[in-house]
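Both complexes below contain chain A, partnered by chain B and then by chain C.
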Partner chain A sequence: MPHTQHEFANRTANSCRRFHWIPSVQHSPCRPRINVETYEGQYSANKASEVQKRTFGSAATQIQRNPAYSELTSDDVSYFKSILGDNGVIQDEDRITVANVDWMGKYRGASQLLLLPKSSVEVSKILSYCNTRRLAVVPQGGNTGLVGGSVPVYDEVIVSLAGMNKIISFDNVNGILTCEAGCVLENLSTFVENEGCIMPLDLGAKGSCHIGGNISTNAGGLRFIRYGSLHGNVLGLEAVLADGTILDMLTTLRKDNTGYDLKHLFIGSEGSLGVVTKISVLTPAKLPSTNVAFLSCNDYTSCQKLLLAARRNLGEILSAFEFMDNNCIDLAMRHLEGVQNPLPASQTKFYVLIETTGSDESYDKTKLEAFLLRSMEDGLVTDGVIAQDISQASNFWRIREGISEASVKVGAVHKYDLSIPVEKLYDIVEEMRSRLGGKAEVLGYGHLGDGNLHLNILSSKYDNNILAQIEPFVYEWTSAQRGSISAEHGLGLMKAEKIHFSKSPEAVQLMGSIKKLLDPNLILNPYKVLPQSVL
Partner chain B sequence: MKILVAVKRVVDYAVKVRVKPDRTGVETANVKMSMNPFCEIAVEEALRLREAGAAAEVVAATIGPAQSADTLRTALAMGADRAVHVLHDPDPARPLLPLVVAKILRAVALQEKPGLVILGKQAIDDDCNQTGQMLAGLLQWPQGTFASKVLLDKEKQKATVEREVDGGIETICLKLPAVITTDLRLNQPRYATLPNIMKAKSKVIKKVTPEDLNVDIRSDMEVTEVNEQPKRKAGVILSSVDELLDKLKNEARVL
Partner chain C sequence: MPHTQHEFANRTANSCRRFHWIPSVQHSPCRPRINVETYEGQYSANKASEVQKRTFGSAATQIQRNPAYSELTSDDVSYFKSILGDNGVIQDEDRITVANVDWMGKYRGASQLLLLPKSSVEVSKILSYCNTRRLAVVPQGGNTGLVGGSVPVYDEVIVSLAGMNKIISFDNVNGILTCEAGCVLENLSTFVENEGCIMPLDLGAKGSCHIGGNISTNAGGLRFIRYGSLHGNVLGLEAVLADGTILDMLTTLRKDNTGYDLKHLFIGSEGSLGVVTKISVLTPAKLPSTNVAFLSCNDYTSCQKLLLAARRNLGEILSAFEFMDNNCIDLAMRHLEGVQNPLPASQTKFYVLIETTGSDESYDKTKLEAFLLRSMEDGLVTDGVIAQDISQASNFWRIREGISEASVKVGAVHKYDLSIPVEKLYDIVEEMRSRLGGKAEVLGYGHLGDGNLHLNILSSKYDNNILAQIEPFVYEWTSAQRGSISAEHGLGLMKAEKIHFSKSPEAVQLMGSIKKLLDPNLILNPYKVLPQSVL
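This part shows the complex of A and B:
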């Protein structure tokens, strides 16, 4: 079998968030922000049964800590130390504080314990014990999720996969990578690129996110338009169930129609059905020629027509089609270091980033240039630039990928990730602008090629009045268009009670049954994903 | 006045360079090639001088194989008016060295008669930092190297150049015609916009050979072997000062 066996000790991602770009720009690690004015309500780790009041997330949510869960005792800690060793059990305040807060600084838990298993067997022992003791658990990867799914709500034990970051093997004939769930996506990208392949997904959080987390959230990302969903690219995985059973479905076969394909349950269930510990993923071949163009369009209709034209004329070489409005560009210019506006003279409302990837540099470039010149003549594009080298291409991507980061710097971000029919995609942005007036800045950007809008509403701090204007209007509007209230971010805590906007009651009921079947004590990532009513 | 800008096609600055398995040179097949970053800065400076009215025409020149025409097209897409392509197929064992490049550029300059020749201070593949200086010497023209600012006085036919030197910034005044080499802080090169890319398609690229220019490109130097640097060993995290002392004493033997 043409396998190259590696026991790779990957660089573990620093527990602080870092985003890497070419050329490397190191961002200072984010310390959890202590927003005293926005955080109301007393809590202490020992009195975790008290009501946690949050001034963000859904205005109506005041989830109580489920009294059925046990509280952590020193015996529990000793037991964990006996199976994981002292290094695998973290009670250090600083590290736990970091692990308790999500990337946006919006959700804060009160966990007192962070566990770092180094193998599936250790994960199994942890879960089996927690299941018996009825201790709630939060599986945590890179903690870059955007819906509060990766941090505790109360005092759940955090099981971090950061210690399981080995690359197990790489089959470079078929391009199949097998690795542990705690590998950082960027490290995997670097590794497979050395072997002439690329990861099928790419996102702004690549410097910190774990592949296990990506799979658990069925992450989409920038390459979705070309390589499709993780449901198609993940060939197998190993997961540990709530009772400690290690479910080994780690196959590297492209085709295997034997029985129900259980791995799909774990892809996108956000850690609520099991903890993903190993994965095998198909890695497409790295094609040598990449071209990136940054274009300005007058209106949203032009962006749509451009997408249609790109699909037809660029066809097989199209690898990304992202759009953003001028508010996003302004924000990026204000808050990101080292970026240059590619189209400073343009005063248009919309910008599109198109990337092509192919095997022949001059052929692709000719094709792209011809397509863009024709689009200019047809009036779809008012101006544009084509990157002449990798630095320029990175600069274009930096702007698009940095919008999220720049948003966080303004203060409070209300993020909505919606799948909407392409014709109506931008309507919600204009609606939100008129609803909010000048109280908050509204940004619209996203994967236009996938019909996925990222709606960011920024204000200086989290404010219930602004939230009331946004929710549930955004969800109702999306539901009316038969769209998805979470295209790729998942439900997490933020949208745990919102699933009915996009799924039928029968479907949600069945999901509840599956959850209760696989996790009868409901210890895995509680309070999230599914509404309490079906559990 | 005409400005001649020399540009070079090199492995893209962001690419991780690898040595070929047969150790005859660096891997360039299937690797992204782009204009040398300092040459981009040179083109940009020439364009700014033309836009300021100090020059009438910007001519880009390069020496290389057929694919080097892409680099010229980038220069034209940025805004250069014309280009000259000196065709030469590279031989990894006998690469074109700065002296030969300078001789060729001298021949081109004598044909084109520019008032100013701008080059990048060095190419990122060989890092020689010699071509501009040698060219000035061969032409017997004054030179302003490592330029971080260029001011042209058209009437007085003088160029005031601020140079980045070890001690700080040195300001010199050159009588034209002169040779200037660009340093990083001189300017931020512009992007190639679609309208300019369209215009570039109709711009002329003149093709010549070194023989046409009467330059002997025979090299006296031959590259026998190219090797990668020895891999840097990983550091070790120590847990105590005692361990550090022990390692310094017994392993590194520096105490």
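This part shows the complex of A and C:
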């Protein structure tokens, strides 16, 4: 299989296996800023009404404003000014408008009030008052969510955590960071990297998203395969309950088996059980050596076997295992500027990006190279290259992460973020292709190492006939595999009524009971996460 | 600092740094079976009454049987036989006696009935019936707990999960094991090791404890520093609620953000919110290379700095970081047969055991050696040896793990299992020494990498004056450091009334509300975990 094209000048002719080394990437590669998976990134703000219609299409009825909630009065505003001062109470139309709309311009509320508390005590006073007055509240972090969870649906009071952005302490023996919830993830990353550590999560929105929002949505992101879920990395939390109770669970202990571990209720409950105000989190040691390989596989079975082999053989240095089908690569090459396929054009159906991160450059190189050579000998990999500098590594990542950006350039795209057992993960892509015939292009890619598929369905324009072929089939199919209809984005407003596709009726019922226990007046982030029928 | 003694024949004279290599330990070392920390292991069964008095000493009153619970009737027994068959309903006195007493012989209940369900449906029928009849229930796994959580206090019906011990599936691409709760941990370890994986937890009781009990108590153990908490490793659960509802949360997905992650309520709640019946858990890849070093440090500050350096420099291969003070070593040498100090007698105050586990033997060796040489040059380590075969590695581990066994040979020992921020962790040992003067010997050792101190106070016999010097001071001091009075053992019956030392009143109150929500008749594992006052 000779190369017909050759992108890298330093690729030598005698490279029998097509794997090469030059000085490895030091520290983290200058990875291009990754776009958050833009579920409806293709919609412009002026199409919001169309989107809303689609969003609520599968619910029995459009959600109505809950009349149990009071409407804001000037007395309410005066009270908030008395506790927060004038600067903490925002009524300026421009600033309110920004906070009313999510970053995709898809979800748009009509709040008249944005509050900016500076302390947990102020958050407590706000919630206590709102609870007594039956004023609904939406807690807001960086407002980078993808499911309409961080903006009002109607006239909820917006409580932004942006003013609570202090780092409280850093224990550099154990790598434990304690900070307020409004800290921007990227700022925390910079801070802990100066201390020789990294945050256990990284995601495209890091320049805007707050750590409190990350925790409230149980954000996944790029380091999940290596460092796992926030349920394992968050050590302590402080949260304010709907009635204003400040719940202090802010330990910095790795081990604590004294009673129920309540903090987990607030990780991933999307601000509907309480407002996270402070956190403590484990920060792993920063490792100096990163390598990235871009490989081709003939079939999905080989991708799976390669994943297994990578887990076994790369073991402790494996830090990413991403896959893309050929349609994704074609799309990226057509629509992304300056991006090149590092492998020659071929009949290859699948591509895999493997990243390793470790503490020893030369060792990691040798290990990855040996692994890849063995994988070729075993027939799992048909071709591949290893990035030989930061620029090449960035190009490899750019292909993977540019797929989402490229997909919105085609015209219309339906995007699904699914968790499916790895052995079944690609079946839905093929089923969808067969189902749609030539009416739309179907792409599959994602975090294979985490069992997380991004299913994209592209056509030249939105067509309800195509949508009817996709939904509810995609949810029903995922449900039948015991998969998740939201791997990492949460439910928010968009999928609150679809929870039953991934959770049993008994579980949803218990969630409703817990919601009512912690927030009996349902003031926190209404209309979201749970179906209205259980509340 | 010349060696005056030399334990290892193959230790060469020209070893300037006293670090040596011979063929490294392959696979897991034949580590001696580790004793579970035996809190009152020194008590014989016939001293149970004395122990009970001490156990309840700090509670306002001895806990009384709750008269709201019904007493067992022959009709109840008939019903249970109708659903479980005769073999599932045990009334034989010998078998009941075994299940009524914990393995230390410290806690002794008076149950008249042991039930052995074979399925979740049978568990459901049992609980539904008991809930209606107000019969109290104690769920029982391997009955290896240390705080009286797994045996009846009075006449609770014992529901043993021992009959539910099937492996349901193993996904060897992702390393995900699904099994019933009654599987013995060691059997699961053997099973997944044959598949090239390991369980994410390992503990001394593994030959008896059940995975369901591990999860219900959020067991810590030896792999915690590397693989973290069960909250991060357990992917799914099935639990049966007090009213018989089977709560299916048994996904095998790494990512699932659809609603509240309810499984965390059942991890560490000691069977008081539901009976865990099935689990799915991540099993990391089994790595072939293990190395163990035994080192001495002059002071506790050096131990802390060494931990920091190990996290930074050993990074992804660090798998244990244990410390012991000199008193521990002296005790072990006096009381453990066949154990030798691998380092020459010296004025060293602290010893550290470091273990690495990785995928490449020669690399791991080189890395550990380089790290240790640097640590000596930096003055953090004064002396040290690296195990050169399995026997030496086992000897190093035997010292660390034999301390508990040795401590009970002195006469009387008070044992505390504390989580304390690492920088303060040894202060309590020194304060306790100063507080007790010469009246008792005070030892400190434990999982420094996890901030988990085992504080042991030894005297020739039990003396209430000594106890009065220790308690409640040790709890108050730990509380003042925002530490945990139970790092990994749980609260059970022993510390249910002491939860306020580690948890805020608001948190304890919310725990009580959740208990009452899930188990309104309080039939599950009564008198334990939470103080009676909140129920």
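Annotations
Basically, the second predicted complex is superposed on the first by the 388 of 535 C-alpha atoms of A that agree within 3 Å, B and C clash if a C-alpha of one lies under 4 Å from a C-alpha of the other, contacts with A are read in each partner's own complex, and residues count from 1 in each chain.
In this text, a contact is a pair of C-beta atoms (placed from the backbone, for glycine too) under 8 Å apart; a residue touches a chain by one contact, two chains touch by 3 or more.
Remember, predicted model here, so these are calculated numbers, not experimental data.
A simple residue count on chain A separates chain B from chain C, and the partner touching more is C.
Look at A:Lys367: by the touch rule set out above, it reaches chain C but stays clear of chain B. When the two complexes are overlaid on their common chain A, residue A:Met376 makes contact with chain B while staying clear of chain C. Looking at the shared chain after the overlay, A:Asp389 reaches chain B, while chain C stays out of its contact range. In the superposed model, A:Pro342 makes contact with chain B only, not with chain C.
Those residues of chain A whose C-beta lies close enough to touch chain B in the complex are 22-23, 288-290, 294-295, 340, 342-343, 361-362, 369, 372-373, 376, 381, 383-392, 394.
Residues 171-175, 196, 217-218, 220, 224, 228-229, 231-233, 245-249, 251-262, 264-265, 267-269, 273, 285, 287, 304, 307-308, 311-317, 358-360, 363, 367, 419-423, 447, 450-452, 482-491, 495, 499, 501-504, 506-508, 510-511, 513-514, 517-518, 529-530 of chain C are the ones touching chain A in the complex.
Those residues of chain B that touch chain A in the complex are listed here as 12-15, 30-32, 34-35, 37, 40, 70, 74, 77, 188, 191-195, 197-198.
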